[in-house]
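Take a look at the structures below.
Two complexes come next, and they have one chain in common, chain A, joined by chain B in the first and chain C in the second.
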Partner chain A sequence: MRLDAVSKKTVGKIERLAESVIKSVKGRKNPFVEIPIRSLANVHFDKKKGVVQLGSQTQKRYFFNVAMAKKFMQTFLVSDACKELVESGKTTSIRDLYYITKHTIGDTRQNTFEEQDESDPIIEDLEVSLDALREELHLFASRKGSMVGPVTIRDSGDTIDLRRMGSGGWAVPSIVEENVVQLGKHEARYILLIEKDAVWSRFNEDKFWKREKCIIIQGGGQPPRGVRRMVQRLHAELRLPVYVLVDNDPWGFYIYSVMKQGSINLAYESMRMAVPSARFVGLSSFDKDKYELPMNVAIKMDDGDVARARQMLAYPWFADKRWQREIQEMVRSGVKFELEALSRRGISFITEEYLPKKLREKDWLE
Partner chain B sequence: MAAIKKAAAKRKVKVPAKAERQLSLIEVAPASAPARAAGVAPGKVTVKATAKALAKAKAARVAAAEPEAELELPVEPPAAAERTPRRRATAEQMAKGQREISISEFFTKNRHLLGFDNPSKALLTTIKEAVDNSLDACEEAGILPEITIEVRDLALDVRGQGELTKGEGRFVVIVEDNGPGIVKGQVPKIFGKLLYGSKFHRLKQARGQQGIGISAAAMYGQLTTGRPIRVTSRTGKGKPAHAFEIQIDTRKNDPTVVSDQEQKDWPQEHGTRVELEIVADWRTGQRFVNRYVEHTALSNPHATVHYLRPKQERLTFPRATDELPREALEIKPHPHGVELGALMLMAAESRSHDVKGFLQTAFSRVSAPVAGAILKNSGIKERLRPRELGEDRALAEKLHKGILATRIMAPSTNCLSPIGDELMKRGLVSFLSVIETEGPEAEDDGQLDLDSAAKKPVRRKGKAPEPAPPPELPPEEGEERIKGHKYFIATVTRPPKVYRGNPFQVEVGLAFGGSWPADKTIELFRFANRVPLLFQRGACGMTEAIVKTDWRNYLLSQPKGSLPVGPMALLVHIASVWVPFTSEAKEALAHYPEIIREIQLAAQECGRKLATFIRKKKQADYQAQRRSIFELYIEEVAGSIHRITGNSRDAIKRDFLRVAEQVTEADLAAEDKKLDEASEKLTRRPRRRDEEAE
Partner chain C sequence: MRLDAVSKKTVGKIERLAESVIKSVKGRKNPFVEIPIRSLANVHFDKKKGVVQLGSQTQKRYFFNVAMAKKFMQTFLVSDACKELVESGKTTSIRDLYYITKHTIGDTRQNTFEEQDESDPIIEDLEVSLDALREELHLFASRKGSMVGPVTIRDSGDTIDLRRMGSGGWAVPSIVEENVVQLGKHEARYILLIEKDAVWSRFNEDKFWKREKCIIIQGGGQPPRGVRRMVQRLHAELRLPVYVLVDNDPWGFYIYSVMKQGSINLAYESMRMAVPSARFVGLSSFDKDKYELPMNVAIKMDDGDVARARQMLAYPWFADKRWQREIQEMVRSGVKFELEALSRRGISFITEEYLPKKLREKDWLE
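Entry: the complex of A and B
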């Protein structure tokens, strides 16, 4: 089978990693894999670009080290499996990969991987150390997320009109790279990323997108890579602004921040996924007064929420005065709100009054 | 009297240990062990030793053995061989006031003191008395002992078939040795007269001490079965073997020879065979006998012991060495160990012309200047006649104080015969080899719970197989592989020390690991002059010493105030010219601080070796485990890299393994170093403490 250029490059990277190990042991050295560190200490916020980026710190994963040996071995089991996937032109889920690489070691009762929780981080390690994207390794994460709007696309050769997607919308695939999905004709003015499936359904049913000429997309909580990449492409290729609508709680802020400048964990992909100009339209900590939400729809923050909010106050990308006020207000009031709380004002209050007013008054945070 | 003296003199001239030695047998009065234990003899009484008293001694002797009377009664002087026993006035008076008590009455009343309290224990005591005698005799004669111990259940037929006796029943105990034999003329008295022996009157490390021994067993047999003891003995090649049947005249405490025959075809060139028919309880008593036999083999690595039991395979403990133990030497008492009463007796008996001469001849370590210093310190004139001392309590007390006030060189300690650390080790190895394979009793019902320590190694065989250990390691230093198990063995023999003028020496050995259970209290094996102590563990000074040792320093767990817990057997041996027991039953060591301290020091020394071993072993296990993990992972990694690159899987593996060796070795070296440093730190700490105490 003939490989395309990208696949050839990926295979080459895997081979070079394996060869470096052979070279080490031939030279009687303890072999290692060098992995950029994916932790807060090794990411920095690039103010100019507005994205979170991976620093230059790396960690060496040695084979002859009791604490590291198993992970070292797992890294090569995954490498081996990925090379095979790429060469055979097949793509699979990371759960599938877990099963492919899981087996019993020798005549022990130990397995190469005990749980998927063990293999997922190994995949991320491999991505960063090979500097190859998950898609280039022919892997995808579980898919979730849906999208509708005045736009036509092509997915794996099929033309799809996102204006005629019924109540469910188009399921956003995990891999939305150009070779799979191409964008076509559209009349959209902006993109609205909604945290929750239920709220998205309200917007779809109310045909908000038709009225407002926008694309609405949801990622079922923390948006998966496919959704984030899709939003980024729509933003970049169709030159549309992005608005984010999330719950008023630390988790909601976090989802917004990930959409805006990337996550710590996937900082290496920020450039491909982040939309630094994304705008936070709600729910704001001050909306409870502005939109007269009764206190009985508020939820008391627990200790974890408060700690998380306090932590966010220190993030460089929330350093802006307005963001500080926003977060501090949440901590001060000690309550949080779900988007659904707006339904107290009427079932379509959110689509007919709340959001239009927000956009009209440019009542958002950046 | 003269004959006795002559015999005694002869012995002094160091007769090569032969049967002639039996001539030195003398009558002895019963001793009260606590009194002996407390020093050499108590001196509560004013003593007038006269020949008259001696003549009347027999009846008094019997009376004196009454335990109630014990505290008030005079006791024999220290056992210098050149002296003969005298009776004391108080005893004489008492004798006048009492009717003669039959020896059987005496025995019956005192059977608990003598170890015949019940049929199970009587079985053990009978065997023990005979075996102890055999071992003592062989050692004295310089013969490597080969001893056969047999227990026969009379309920079985001649071929050993039938139903075993359940509970009490008739048994025959046979003990045969290859010792020097016993001269014909002595046999009746030894076996047919209570309180008759050679070891009582001397200060020398030996198993028997009280001269109660074997004739008491004969007495027991006679009282319970009516059967006489049968003794066959031969003293040498040219001489015929003689077989006796001896009954004890229980009224007179005299032997009655029932039959005396020459035995033509006795296979042994020299030796003695003793057969006793007794009422015993084999089913409950056997575990003690088993333990006694095993432990005797352990503490006597120079002896071969055969053990024959009803309906069981013959068990043989082969000797672990052909080297005889060093000969134990007889010594004179040390002045610091003598008590007032004994001092008076000794003075009364002395043939010296003056006190100075008396002190010099009767005691060890008293030279003319030392004697002079003692007299000066007591304010006693040199010319004083010893006899006057013996009669004047006040005078004697002055001398006694003077002795204690004088610095006198410690007694010579080369009179002792320890097992020795090397032989203790070999003893442990062969002990473990035998008990491991042929665990003693199969159907023990555990009814007799006299001693919680009576656990049986045989049970361990039945336990669930342990998970296969990581790849076999060669034994660590000090580790012995015995029957598929690895034991770490450490032994320590302390230098001889002195308590109350009596030299003694402590030895401790341990066997760690192997098949001992890891979650149980350790096994404590106690020995005094190579005789296993099987009862009264809790009351024993040895137990106290081990409990007081902090074994957590040596990586064992130890509940407060208890023996440590771990897979270990600990052997404690005290050798002494006079072992202080808590009672006549000779089952527990008295709590002398000097002795406890020595045991602790020996235990600590062994403990330090153990700690070093455990630490090394843990590291080694860890390394092995680690290496095997690497090996498993290498397999996987080599497979993956082979598939990715197409390079040969074997070549990749080889390269990895080469690095593995290098890496783990370097690690090991580094860890060894750390370990040694840590262990040194730990070792240094208690050692400093020890030195302070010493």
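Entry: the complex of A and C
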């Protein structure tokens, strides 16, 4: 099978990892893999780039070390399976990879992996060690999300016109790397990432994307990796601004912040997933007055919400004065609002009045 | 706006409901709505039709009755909102409907609805009273799922070729009634409903649907209404058999049974959602031997699993000898298997060997 450029590069990385180990063995040295540390202590917010990033601390995983030998072996089992996947042009789920690499070792009763929670961290180790996203290793996590808009794409050889996707839309796959999905002709002016599928359906049914010439995409709550990577590629390759439309609650703010600068947990992927210039178009805590929402559609914040909001006040990426004011207003009022609350003003209020006004008046947060 | 035939019929039903009340008022009688009872006592399994059905018991909801007045009012608030939706050609989520119909009554502090768990049962009341699916009332619940295969459909005026959907597939909408989605030209021989998205991706990537001429569809676990209705329409209109591929655990069996004969909770929709002739193509409890699965990919059943499996032995729709044998084997062995366990035999074992053999040998349960 002939490999595309992305796959060739990935295979090369895996091979170099293996070669370094073989070299150690031949030199009668204790072979090791060097793995960047993925703990909070090695994560920082790069203010200039606007993303959460992994620092430079690494650890060495040795083969001749009782505490490390199993993980060392697992690392190469997983990398070997990934190499096979990439070379065969197949992709699979991380659950599947666990089954594929699960063996009983020789005549022992020892398994290579007992549970998937053993193989998942090895995948993450490999991602950071090789500087390759899991998608480049041909692995995917669960996916959600759909997309329509004035753009044509190619996916696995099929040309798909996202202007003609009906009410359902194109289901965004988990892996949207360049070797799978290519972006084609478009007339879009911006990208709108919507938190909720039901709200996305409103925007699609009202043909907002046609009228406004924008791409609308949703990820069913916190967008999965496929959707975030898609938004980043649309942003970078088509040079379009990104607007994020979420609920007025700490979870909505969090979704926005992960799209904007990545998350602490997966800091090593920020550069490939985040869009630091993404703009928050609501729902803002001040919109209840601006858009005359009756108080009976407000939801009382619970203790968890309040604690979460207070925590956010301390995040460096929410240090901006306007964000501080925004979060403080949420805490002060003690209430949160769902996007659907706007329907109290009319079923298409959100597509016909709310968002057009937001964009016209540049009433967003960054 | 000109209404299509489906919408006209629905509006007519709502109007007749309202007219019957007006007639009562004019006749100085206590107006009421007659609502079929949706409790277990009024649900039975129709062996001949092969579906779980609602019985004929009804209750009357009176306006002049302190205990019923609020619900009576709510019923008409919801039906009025649905009529507006249908007439305007718009659809919305049941969450949204709650917000749309939430008002504070006059100068009181009484709200029409306090929470969505008040409006949801009213929607169900209305569905059974009017004999109209919520989709016909232009309401949708959350959706999941994707579909590809040798079939062309029309969705909201767009022609969509499901043979050219790339790795993502077409995102199945919540509402797939005839007025939204129409089925066109096809070369499919059968429909394959797959429990898991990750497994569906394997079938799509391996182009199983192309080789086998079948439609593959997944609903991300328990398929949502849109997917079940889609499968039923494909089955009925294209006259294609339906095969269901699920995990070997009680949950997988349950998913199959809901697709086949409906569920107790939503018995009134069985006739529109169920496919009594649907066939179970595994994973069967006997496949561990037949397909030589090593025991280290088995998962031990917990107490909940065992209790659930025992419960299933008593269901009339699992009364068949072969099903009894199937469930008993699961209980006896004390283990369950995920579809991904088949990957232990090779990543494409499921598409190249397992399912082709199942179909060739007619090794399914009904």
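Simple rule for what comes next: the second predicted complex is superposed on the first by the 262 of 366 C-alpha atoms of A that agree within 3 Å, B and C clash if a C-alpha of one lies under 4 Å from a C-alpha of the other, contacts with A are read in each partner's own complex, and residues count from 1 in each chain.
Just so it is clear, a contact is a pair of C-beta atoms (placed from the backbone, for glycine too) under 8 Å apart; a residue touches a chain by one contact, two chains touch by 3 or more.
Remember, predicted model here, so these are calculated numbers, not experimental data.
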Checklist line | Which of chain B and chain C A:S333 touches, first, second, both or neither | finding: neither
Notebook entry, point to check: Does the superposition put A:N265 against chain B (first), chain C (second), both, or neither?
Noted result: neither
Next item on the list: Using the touch definition from the top, say if A:R344 reaches chain B (first), chain C (second), both or neither.
Entry: second
Margin query: Residues of chain A touched by chain B versus by chain C: which partner has the larger set?
Written below: C
Margin query: Looking at A:T159 after the superposition, I want to know if it touches chain B, chain C, both of them or none. Which is it: first, second, both, neither?
Written below: second
Next item on the list: Could you say whether A:Q53 touches chain B, chain C, both of them, or neither, answering first, second, both or neither?
Entry: neither
Next item on the list: Would you tell me which residues of chain B are touching chain A in their complex?
Entry: 626, 629-630, 632-633, 635-637, 639-641, 643-645, 647, 652, 655-656, 658-660, 662-664
Check: Tell me, which parts of chain C touch chain A in their complex?
Finding: 85, 88, 90-93, 95-96, 98-100, 102-104, 111, 140, 142-144, 146, 153-160, 164-175, 180-181, 197-198, 201-202, 205-206, 220, 294, 296-297, 338, 340-341, 343-344, 347-348
Checklist line | chain A - residues contacting chain B, complex | finding: 14-15, 18-19, 21-22, 25-26, 28-31, 63-64, 66, 69-70, 72-73, 76-77, 79-80, 83-84, 105-106, 108, 110, 112
